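In the two assemblies presented below, subunit A is common to both, partnered first by subunit B and then by subunit C.
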Partner chain A sequence: MKREKEMKRKRWQTTILLAVIIVVTYVSIAITEFNVLTGITAIPQAIGWMFSHLLITQESLAKLPSILEKLNETIFMSIAATTTAAAVSIFLGLMGSKTTRVSNVLSVLARFIASFSRNIPVVAWALILLLSFGQNSMTGYLALFVGTVGFLTRAFIESIDEVSGSAVEALTATGATYFQIVNKAVIPQSLPQMISWILFMIETNIRSATLVGILTGTGIGYIFDLYYKTMDYNTVALVTFTIVITVIAIEMASNYIRKVIL
Partner chain B sequence: MEAASQSTYIKRKRDGRIRIKSGNKAERVMQGTILSFIILTAIAFIIFDYSGLHLISAVQETMYNLYVMFLQPGLSHFGWGEALFQVSMTLGLAVLSTVFGAVIALFLALMAATNLSNKGLTKTVRIIVAFIRAVPTVLWVLIFAIAAGLGSEAAVLGMLFHSVAYLVKAFSEAFEEVDPGIIEALRATGSSWWHIVTHAVIPSTFTYLLSWTFLRFEINFTVAVAMGAAAGAGGIGFELFMASGFYFDLREVGFITYAILVVAILLEIISTQLKNRLFPAAATQ
Partner chain C sequence: MSLLQVKRLGKSYDLETKVLKDISFDVEAGEFVSIIGPSGAGKSTLLRSINRMVEINEGHVIFDNNDVGSLKKKELRQLRTDIGMIFQHYNLVPRLSVIENVLHGRFGYKTTIQGILGRFTEDEKERAFYLLDKLGIGEHAYKRCDQLSGGQQQRVGIARALIQDPKLVLCDEPIASLDPNTSKIIMDHLQSIVSELNITCIVNLHQVEVAQTYSDRIIGLKAGEIVFDGPTPWLTDDRIHHIYGTETRELITG
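What follows is the complex of A and B.
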């Protein structure tokens, strides 16, 4: 009897949830003036257009060296932003974690910095920094850096909390100093998790770097925007293709590393 | 006794001390990864393009800009009502791409799960999804903008593509974790594939699907802001782009940034609450 009631309640909950989703969707369609018909017909249209226009030709291949140079810049930018952000995030993570915090004030501060930099989109950071840093690699690097610090700090706090509760307690009982505890227990135990998060962030950052590049005029995003605006779609196809290859290659490398270390 | 001491091989350092850490493969790979991170970062800082950068004055200027933005926010080109409308427009784009994306992803994920589909189909879906995911969202939106014209359709479709790819991966992994015993039991009673899906697979993974979808909604809000700024898709992102790139109105940039921050933090809180309610076991751990 009790079970039956519970099931009935669950069914009601699901129905209400679905109704809410439908209403929200309907409201969104009205606000954004989304035309469902245009939307549906655009898909085959767009795919047809892609196959007929986005072709890599001999002519566009001649531009490959300059594209690769910019792509290089983007890759290095995302890696540098991720690793330097990771170094800062380890520190903030140690401050923010329940098991390794030094003081409550610092812990709250670390969490606040993380939440603040994570929840302001990378685009906003890029536009703000562009005003005074100008069009160069530093702008993109800093925008990615700030966003990555926010994300990685949250991830590191979670991995440290998850992994090191009992180990920290054991080492504290032996009279180990704070530095020894962190160095011998917390970092070694959460390192595989952290590397996994860093790899994930490098992948994400290469994609975001394209977006930041369009706004700040650097790297592969700039090249894409340039050819897109001059309607040289063959080169656009080549640029997209190089990005796809890069992202998939990095994904495969990090999958391999993850498989070995986790 | 003698045999035992001979058969165990003890790794020693060069000076004869016993190695405490064994150098296994995982450790070597980890050290190699960290080392290559450091080297690549060093190279990156050397090859960066520093043209037109005056670091000290740029940092000072940014500090001043941040000060104006965050301590004196204000609106000059549009009012509160308009700001609210633009935020809801961005939220609307995120809702549409998430809801449509989740529905499409549900079907594709059923095809991509190894325990519910045949090998050939699984592989095909996975390769297509990996390809779609590798192209940045902004490029999808720009490509769709050529076919559908600039506007909400192009933005939603572009974001939709990426959401589908993301959710198919998450959903199919959830489906694969369904207890094989349940599926076997239903199969033994003679239920069809469709019955297994609607009565066993979806009910037992529903909460997971919901929390992944909401997580994607959170991401899509940020993406929608970005699409407004970089692809002219409208919404608060476009206003942000105009305020910083055309009007150079720092106080307005500050106001818009606050608006985005408030919505993003609200979504994060809802998402955490939802996760705690749906998975109480995971939250108490």
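What follows is the complex of A and C.
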């Protein structure tokens, strides 16, 4: 009896949910005047255009050294932004975590900083920071840094709480000090997970750095924007290709590191 | 004077329910005491009030002439070096080696820097290996703890407590996650801590037979109150029913 009722309720919920999704989709299409049919039929055409225009030619290959230089700049900026953000996030993570926090006020503050910086998209951060820092690599670095602190702090809080509560209790009971506990129990136990999150953030940041670079006029994003605006699509293709290769390479490297440490 | 005196101890986590009510008892050095009672009776809370892992609301805990409730942070740290603790889930750092986990028991005696740098004396290391041998897990000293069985991990937990050189060891359900054979090994080790090293032991248990086999004295806790406190032979079937009474009835009707 009870189960039948429960199942009926579930089926109703599913139906209602489905109806809501359909209505929301319909309303969004109507409001944005996006014509689904045109959108879908345009896809083959767009692919055709990409194949005919986005070709890497001999000519564009000559620009490879300067592209790689800018690409390097972007990669190193992403890594620097991620690692410096990670250092700050470890501190905020320790403050924010239930098991390792030193005071409630600091814990709330750490969580607030994390959610505030996380919930504003990196692109928005870049635009905001552009106003005060102008178009230079500092702006791009800071935009990535802020977003990364938000994300990593939250990830670290979860890693710490999940992994080390019981050992922290045991070491507290032996009379160990706070820093002994953090250094000898919390960090060793959560480090592999933390490194995994840092690697993930490096991947993500290299992707976002391209976009941020378009706005801040630095790195690979700048080059992309430059050739795009001058309609040199062959070079645009080459730039895109190098970005894709880099992201894949970084992903493979970090997967390998993960396998080794976990 | 007794090693431990608990006087009119009261504890509540929130405004509504009192988890411990007017608890008083003394424990002499060298005693093996079991605390039994249904789950939720307040056994873990009582144990954690002794080394102030939970704050005490009412009454006093006097350990080795110190009023535990009124100690300052540093004094409390020092007091805790005299009290070892053993947990149901062992509470080790699983990724670290057995020997590292055992040496964690020495942190209370060290400055923060010494602890972080892992500066342990030869004596301390020798003692750690000695304890592991004595507990029968010497050959696993360099293995990571997460590669050991539950019983082996619990013995690491015991070694970590013993290397503190404690006067009292508190054990919170030390065998609740172990099978009967392994449980016997662990309980035998706890018994020899008391008989050979003359360290006092207070053990939370929910297996009455185990408490009866090993302890000199049993304290029965029910809904935050002591309803039995006496030498093991005094614990009659009637009294056991009284301690667990409501729970068995619930089991039948529920």
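Rule of thumb we're sticking to: the second predicted complex is superposed on the first by the 262 of 262 C-alpha atoms of A that agree within 3 Å, B and C clash if a C-alpha of one lies under 4 Å from a C-alpha of the other, contacts with A are read in each partner's own complex, and residues count from 1 in each chain.
Assume a contact is a pair of C-beta atoms (placed from the backbone, for glycine too) under 8 Å apart; a residue touches a chain by one contact, two chains touch by 3 or more.
This one's a predicted model, so the numbers in the text were calculated from it and none came from an experiment.
In the superposition on chain A, contact of A:Phe116 is made with subunit B only, not with subunit C.
Once the two complexes are overlaid on the shared chain, A:Phe200 sits clear of subunit B and of subunit C alike. By the touch criterion defined above, A:Leu131 lies against subunit B but remains apart from subunit C after alignment on the C-alpha atoms of chain A. Residue contacts after overlaying the shared chain place A:Ala46 against subunit B, while subunit C stays out of touching range. Looking at the shared chain after the overlay, A:Ile31 reaches subunit B, while subunit C stays out of its contact range. Looking at the shared chain after the overlay, A:Tyr141 reaches subunit B, while subunit C stays out of its contact range.
Of the two partners subunit B and subunit C, more subunit A residues are in touch with B.
In the superposition on chain A, the residues of subunit A contacting both subunit B and subunit C are 192. Here subunit C touches subunit A in the complex through residues 51, 53, 76-81, 83-85, 87, 89-96, 100, 104-105, 107-110, 112, 115-116, 118, 157, 160-161, 164, going by the rule given at the top. Those residues of subunit A that touch subunit C in the shared complex are 164, 166-167, 169-177, 179-181, 183-185, 188-189, 192. Contact residues of subunit A toward subunit B in the complex are 14, 17, 21, 24-25, 27-29, 31-35, 38-39, 42-43, 45-46, 49-50, 54, 72-73, 76-77, 79-80, 83-84, 86, 115-116, 119-124, 127-138, 141, 162, 191-192, 195, 198-199, 207-208, 210-211, 214-215, 218, 221, 224, 228, 240, 243-244, 247-248, 251, 257, 260-261. Interface of subunit B with subunit A (complex): residues 25-26, 29-30, 33-34, 37-38, 40-41, 43-45, 47-53, 55, 57-58, 61-62, 65-66, 69, 85, 88-89, 91-93, 95-96, 99, 130-131, 133-139, 142-144, 146-148, 151-154, 156-157, 206, 210, 222, 225-226, 229-230, 234, 237, 240-241, 244-245, 248, 250, 253, 256-257, 260-261, 264-265, 268, 285.
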